[in-house]
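Shared between the two complexes below is chain A, which pairs with chain B and chain C, respectively.
Let's turn to the complex of A and B:
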């Protein structure tokens, strides 16, 4: 199914509005799911369910929102080690890691979950970028 | 077991849909305070009744092995009052599939032909979500007594507890 990026964004926005009870105009590409849109842990599951339904895809557990990235070998003093950063890049290829890399605090990882990251993930899942 | 806000299941399609009923009676003490002079069945208890209907539906799908807990009330809209003497019908339908992590339910409460409420809610399976809290062994959500009572309330296809192992 060839959806344009705008069409994907529209459906992602609808899923987030339904799951989080936010207004449409709050769902900007740069909005963080947790920090800006107020998602809590159960909401991440709700979002995955709705995205699967909207795009008719399967999203394996931990694929869109990786959990358990925090094993000992990747973390030191609350920050990700180089190895940890590598692991994060592999697990989250659609996240924008530029700012995070400069100061890779483990507790800031949640800020990487943005609307834009979700759109990119879906695009890739559907097989090819839209217009 | 107390705090049961549905009286009986009248329809049950394993893993898909369940319908229960609740009779509202003036013998329920809280009605005299909710609201003084105008007793109405509290919407919060209708949400609880829907959670119980949906929770049993989701729980039965995995044979009551999981600890099914209400995790989120996504949406709850109420359209009319429910009064003593009314019998409401609570219908829970699974949205999509029931998964290892949990499930989403769409609920409809009706009175005769009238729509009383539309409720959407999510359940989580406690162990599966790998939360930080250790809830220990044993299913505190579905224990033997509760399952026995469910069977008496016409939960189709539910296996009887083994009489030789009755405590």
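Let's turn to the complex of A and C:
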């Protein structure tokens, strides 16, 4: 079943409204799940669960929101190491990492999780979509 | 197991207002997983800390009448900056209304002048005996327990300071 990007956006919006208790009109493509929509750790689990149900897909742990990145291997003094940045790029091909790369503070990682990033992830998972 | 998330009550003006603090220690076990290389206070713990702060205001205002003070609803919960080990969450809770069975609050937690968490809270208050009359013994045990904890977190001192400030 091929969904258009708009249809994907609608379902993502619904999942976020249900998970985070925000209004529909707050769920803009550029909205950050954390900073703008108020999600915190436990919400990310809820969001993944709702997306799995909405799109009838499996989202492996850490595939959408890479939680393994916050380990000693990839972090030093509150910043991602080069290895960490590489790992992040591999795990989040749909995120825009340009600005983040210049100053990769761990506390800013959550800013990379935008609504648009989720839509792109779902699109790719569903095997491409028409406009 | 219960997490006691109020370390000390700094200001106490029943029925209106309370300010309390929670110091985040590297030794708190849940930090090991949240997150391994970047420990920060989980959002849900920040929210619970606000709830416990509000609960103290309920207890003092209602003279420890009800032994169970529970979160009924949290609305407009927003998170801001992280609280890291060594940091102190300063929780300011203002009561909109405190009734015998329920209460409403605006709560805000700050760390180093930045807002870490804020929420609108509805709490409900009850005695176990209200639901199970044959278990009034639990209430009889809890009431002095919470009064002792009130002393542990500097409650009487905060009340005295507030009284001293009154004209």
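Rule of thumb we're sticking to: the second predicted complex is superposed on the first by the 130 of 131 C-alpha atoms of A that agree within 3 Å, B and C clash if a C-alpha of one lies under 4 Å from a C-alpha of the other, contacts with A are read in each partner's own complex, and residues count from 1 in each chain.
Operating definition for what follows: contacts are C-beta pairs under 8 Å (C-beta built on N, C-alpha and C of every residue); 3 or more make two chains touch, one makes a residue touch a chain.
These figures come from a predicted structure and were not determined experimentally.
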{"item": "Of chain B and chain C, the chain that contacts the larger number of chain A residues", "value": "C"}
{"item": "First, second, both or neither for A:106, with chain B first and chain C second", "value": "second"}
{"item": "Partner chain(s) touched by A:53 [first = chain B, second = chain C, both, neither]", "value": "first"}
{"item": "Which superposed partner A:19 touches (first chain B, second chain C, both, neither)", "value": "first"}
{"item": "Which superposed partner A:61 touches (first chain B, second chain C, both, neither)", "value": "first"}
{"item": "Partner chain(s) touched by A:72 [first = chain B, second = chain C, both, neither]", "value": "second"}
{"item": "Partner chain in contact with A:45 - chain B first, chain C second, else both or neither", "value": "first"}
{"item": "First (chain B), second (chain C), both or neither touched by A:121", "value": "neither"}
{"item": "Chain B and chain C footprints on chain A, overlapping residues", "value": "21, 41-43, 67"}
{"item": "Touch list for chain A against partner chain C, complex", "value": "21, 34, 38-43, 67, 70-75, 78, 106-107"}
{"item": "Complex interface listing, chain A residues touching chain B", "value": "18-19, 21, 41-43, 45-46, 49, 52-53, 61, 67-68"}
{"item": "List of chain B residues in touch with chain A within their complex", "value": "71-72, 74-75, 95-96, 100-102, 104, 122, 124, 129-131"}
{"item": "Residues of chain C that touch chain A when the two form their complex", "value": "34-38, 42-44, 75, 77-79, 81-82"}
